[in-house]
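Each in structure tokens, the structures are laid out below.
Presented sequentially are two complexes of subunit A, the first with subunit B as partner and the second with subunit C.
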Partner chain A sequence: MARIHLDRIAHSYVSKPRGESDYALRSIDHVWDDGGAYALLGPSGCGKTTLLNIISGLVQPSQGRVMFDERDVTNLPTQQRNIAQVFQFPVIYDTMTVFDNLAFPLRNRRIDEAQVIKRVEEVAATLELTADLKKRAQGLSADAKQKISLGRGLVRSDVAAILFDEPLTVIDPHLKWELRRKLKEIHERFALTLVYVTHDQNEALTIADRVAVMHEGQIVQFGTPQELFETPRHTFVGYFIGTPGMNFLPCTLDGGHAVVEGVQVPLAADAARPQNGAGGSLQIGIRPQFLKLSRAATASSVPVAISTVEDLGNFKIVTARLGANTIKIKLPEDEELPGEQGHLSFPPEWTRLYADGVLVE
Partner chain B sequence: MNKWEDNRAWLLVVPVFVIVAFSAIIPLMTVVNYSVQDIFGPGNRVFVGTEWFGEVLHDSRLHDALIRQLIFSGLVLLIEIPLGIAIALAMPARGWGVPVSLVLLALPLLIPWNVIGTIWIIFTRPDIGLMGVTINTLGLDFDHTASPFDAWVTVMLMEVWHWTPLVVLLAYAGLRAIPDAFFQAARIDGASAWSIFRYIQLPKMRGVLIIALLLRFMDSFLIYAEPFVLTGGGPGNATTFLSIYLVKLAVGQFDLGPAAAFSLIYFLIILLLCFVFYQALQNVGTGDKR
Partner chain C sequence: MTLRLENVSRSVAGEIYLADIDLALEPGTVNVLLGPTLAGKTSLMRVMAGLDRPGRGRILIDGKDMTGASLRRRNVAMVYQQFINYPSFTVYDNIASPLRRAGLSRDEIDSKVRGAAASLRIDTLLDRLPAQLSGGQQQRTALARALVKEADLLLLDEPLVNLDYKLREELREELREIFKARRSIVVYATTEPVEALMIGGNTLVMDRGRILQAGRTVEVYHNPATLRVGEVFSDPPMNMIDGRVADGEGVLGGTMRTPAHRHLSALNPGDYRFGIRCNHLFVARQSPADIEFTARVELAEISGSETFVHAGFADVSWVVQEEGVHTLSLGQEIRVYLDPANLFAFDRDGTLIAAPARRGASSAAA
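And now, the complex of A and B:
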């Protein structure tokens, strides 16, 4: 058990990086608290796996330090870090039985055999592998193999944290849910620090208490699922989380109002205080769920042209045009539509202002 | 889909039958034909049934050659497979070292077989050969034309030098095909280098090693050109392997009947041993009992 502190970590796979673009990770300073369940969410190639491998020691960071509690482990090899990691594709030792697979990390550390048997049986029971213990690992299904990989991580009682690198990618959808539940259960039972890498927002939001969203080698926001949803700190977070993603409209400022295509949109009193009229390109952002579409114009509404309506069963997605901008609106299934022209209102409490992609507070 | 019968479909498999007939069946039947007849000259032949087979099976020189052959192939496998794996493990995984070592290893495989024999004759000559002179200078009496033991050492060295690279190339290909995640997981699990070899690399190389073993067994069992050039089967009969004896019989003495019977027995031995090897190896490391 440990608190993991990434102290100004940067990493480049190029031996002599020239510019920012040569870096897979750019200056990450982050703390994972002991016993928390965290997800690392981002699109492919954003540096998630690199970051994970730096924590486990499979990759040496170009710059910065990795601290477990107060101990600097940057130069320690993986074997000495007390980290367990589960990979995207199940890694099993083909020639061994399931029992020997699970016992492998313990036996390598010369743990007393009686203790090994006790731990393996305990972990096998948790993962529902008890019946398979005597079988060879080779012939098992992909999800059983992934459970073995997972079990090898859990079997050690001394791990500081257990890291998951998209472990459910190869698992059938109906088993994914099952294993996800299992992970959650294990986290609660063993009180491990858990870092879960994924590009699937549902997975991240269900497993983790707090999610770190990564974009181009940086953590752009670290927060609870609710914070990520309601107050994205970066336009990328707004766009990446939520289906469909957040709407962003270029705007200018006029007092306490944003002006979009010549129409005034009110902002929440505290949100719209761009001290000194914040520089850079400004955008307002709003989740499709929070927009209101009505037939009649109201004081603060904006006229829009409705182009398409997709009915997705329990809700519908309306695509509307405001000047050159496309806006997605998510409405309840039974809500009536105004026809080809509508009036859109932006509730000020859900309308956010972004300057150069970053939330203005 | 409805099924229907059309016997013209057989025409589609005719080319394969023709190729197999000319490449395997007809030559083999020719040998069978020789093996049951005594041939005195063109148009002058007598059917003798299984007489040649009986004679060949009781030929003590053939027994000796077979024992020599089995010892030789056994040694070849015992030396070349572990050595090949060891070299493959020591080879670099990336960088400029890869093409360099691959080319160096492939060189012996590219040399014509009788040239290899010639190279080793010169190399091991006690009067001018680099190896022969060196060993004699060290005070050891070495002459592969006089001592059966020295002849065996020389033939083995030549064989190992010639063919270990094939095992290396196959093993190396097997090693490179192992995903990185296995090694990463092994590091996480705290596995030692030996455990990594024993539980990851060796099991993952199983397929290519079976092929390497079969190829090396068959080739070494059929070896002819190199020892023929190097020792001519001597001194005495010390390095007369099966195919050298066969050629002596067929070409030297022109005993076509016994030679043909011998060829068929030779062929069946290889077939049988390969089958046994393959069956045995299929189950090695999978733990399945049949």
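And now, the complex of A and C:
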């Protein structure tokens, strides 16, 4: 396994890029340590697939270098990069048995057959494929076939990294959590460097220890799942992670307070220091589950008009209006609701300040 | 229009697609078909649309038998999982196509197309071709075409399943508001409980070609008539454990004891299967009555706003929902707290015998 360094990577599919908008990737400088489980998370068009293709060697970047440990692999083809890949759809030999499918990447490298058997049996056991080893792949379900693909990706212990491109897309929802668990177990057991590309927050946050959130060709935050949830460094992360996403309200600053629609909202001491905030357009951000809604006003609450209440069974989502702003509030299922008017408090420890979309710290 | 299905069944090559379907749908209602893959949702929609003929039973529209009537004689619009648009038509012409076929005037068409496009926020894309749109925009176009037709029956077969989850979130909310304003019968198929709750209205829970339970969405969610409904209408599925009631006491999994209070006090002595939703299991004590147990973490699934901890105890893989994002290691031990007031009790046939009392239930029913 290797440490992967993306050294000032940029890429444009246009031969003579003019502006930033011509770049699918803009200035990526990033390190993945050996043995970590990482995810690249973002919506379609954010550049995550381009970045994956640059790591795997399918695409040569317009600028920058790809380093595996101390080795510059930027111009090496995929076969010489010593990586394993698992794709969205099963890539297996239908006419071969499950055993031969799993053994293929090893036999291809002339690994000693005793070693092959040992490794295949180990991987098959982890993926619960042992009973199927002698069966032909042909007759198996889509789920089982994709498990074989996963197994083929995992079977070599000498690869620099394993790249996963949305590998659970074809898996039945009820089996997904089981495969996520398997992937995590395998990662812990074999200490693999794992890079997992997906648009699904659930998948990224569950499988990876650290997640790179991509937006418009850039990594806007690289952090643990908890950091992405609690301290989004960019408004896009606040929006993209969490259901519903973070609320953002335009504001101005006044001493230690944010002012939204003429109403003061207290901020934690360090967020509001004017030298940090500087210029740009300011917004406060808070997640729907951290807001407090009450019938009566409190010292620091702001009055809001309640427009809708959705009963989602195990919780409620209240949509409230504060001037021109719409705010989502997530409440427990049995919480008493005020009528058409309520009072909203923003706990300072969960209220973040953003300048031009970037967290003020 | 009112749509009635009487005792409808349909089999293909000996395989049951639909069995004994009885239902009546009123105009202005939204009806969610909720069930796993192969539950019969698509088959039921195709029969409603007149695309397939039932093997048995009758289809009545406004009381008139229309069982054999072709699609053309029913005023139906349908949206599929796959984005289906005319590739050589602009967004405008795609949306306008059913109106042109109906022979509306140019002005009428224009105002309807622009209205539908605005409500789905594609009004700035009207001159584009489908190939120039993202998946979400293509599906909005297909939705707009279905909506503009003002059909009596609007069928949507997992329309959001192929979209990114953020788009899905936004469109669910928009669709719910759009449906509210319509006079048609809306039928919306999904495999996801949260989508059913989001769309609201009524829910018909389906499994293996049958309707297991029907009613107001929130009511069905809180009172699953059977164990199977509890499983289908929970994601992750409801936690289940065998137990028994004797001498005013409930015993779960052989070791967890609780006095049979409140709704459990009405249970006759005997064996039960107890169910509890993952959001009613906690990692900190909530009430003195809580049963406490130690479980071993199998996985922490993180949804973005919540953490679903899978943890093993008493031969059950429990799922505990925690608000917020928390990291746990595999194999780690956690304390889990279960309030017996939140238990569902099913008998040996899987029929619901007792459901938790709900605070604020009256407001939800209003």
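One rule holds in what follows: the second predicted complex is superposed on the first by the 358 of 361 C-alpha atoms of A that agree within 3 Å, B and C clash if a C-alpha of one lies under 4 Å from a C-alpha of the other, contacts with A are read in each partner's own complex, and residues count from 1 in each chain.
Everything below uses one rule, namely that a contact is a pair of C-beta atoms (placed from the backbone, for glycine too) under 8 Å apart; a residue touches a chain by one contact, two chains touch by 3 or more.
As the structure is a prediction and not an experimental result, all values here were calculated from the model.
Colleague: So, does A:M96 touch the first partner subunit B, the second partner subunit C, both, or neither?
Modeller: Only subunit B; A:M96 stays clear of subunit C.
Colleague: Give one of first, second, both or neither to describe whether A:Q88 is in contact with subunit B, with subunit C, with both, or with none.
Modeller: In the superposition, A:Q88 contacts subunit B only.
Colleague: So, does A:Q79 touch the first partner subunit B, the second partner subunit C, both, or neither?
Modeller: first
Colleague: For A:R136 in the superposed arrangement: first (subunit B), second (subunit C), both or neither?
Modeller: First partner only, subunit B.
Colleague: In the overlay, answer first, second, both or neither for which of subunit B and subunit C A:S149 touches.
Modeller: first
Colleague: Tell me which of subunit B and subunit C touches more residues of subunit A.
Modeller: Here the partner covering more residues of subunit A is C.
Colleague: May I ask you to decide whether A:T224 touches subunit B, subunit C, both, or neither, giving the answer as first, second, both or neither?
Modeller: After superposition on chain A, A:T224 lies in contact with subunit C alone.
Colleague: Answer with first, second, both or neither: which of subunit B and subunit C does A:C251 touch in the superposed model?
Modeller: After superposition on chain A, A:C251 lies in contact with neither partner.
Colleague: Which bits of subunit B are touching subunit A when the two form their complex?
Modeller: So the residues of subunit B in touch with subunit A come to 179, 181-182, 184-185, 187-192, 195, 199-200, 203-204, 285-287.
Colleague: Under the stated contact criterion, what part of subunit C meets subunit A in this complex?
Modeller: It is residues 36-37, 134-135, 164-166, 169, 191-194, 197-198, 200, 218, 221-222, 235-237, 277, 279, 298-305, 310, 321, 323-327, 330, 358-360, 363-364 of subunit C that touch subunit A.
Colleague: Over in the complex, which subunit A residues touch subunit C? Could you list them?
Modeller: Answer in residue numbers: 43-45, 172-174, 177, 180-181, 184-185, 188, 199-202, 205-206, 224-226, 228-230, 239-245, 287-289, 310-315, 330, 333-337.
Colleague: With touch defined as at the start, can you tell me which subunit A residues reach subunit B in the complex?
Modeller: 53, 56-58, 77-79, 83-85, 87-89, 91, 93-96, 104-105, 108-109, 136, 138, 149, 152-153
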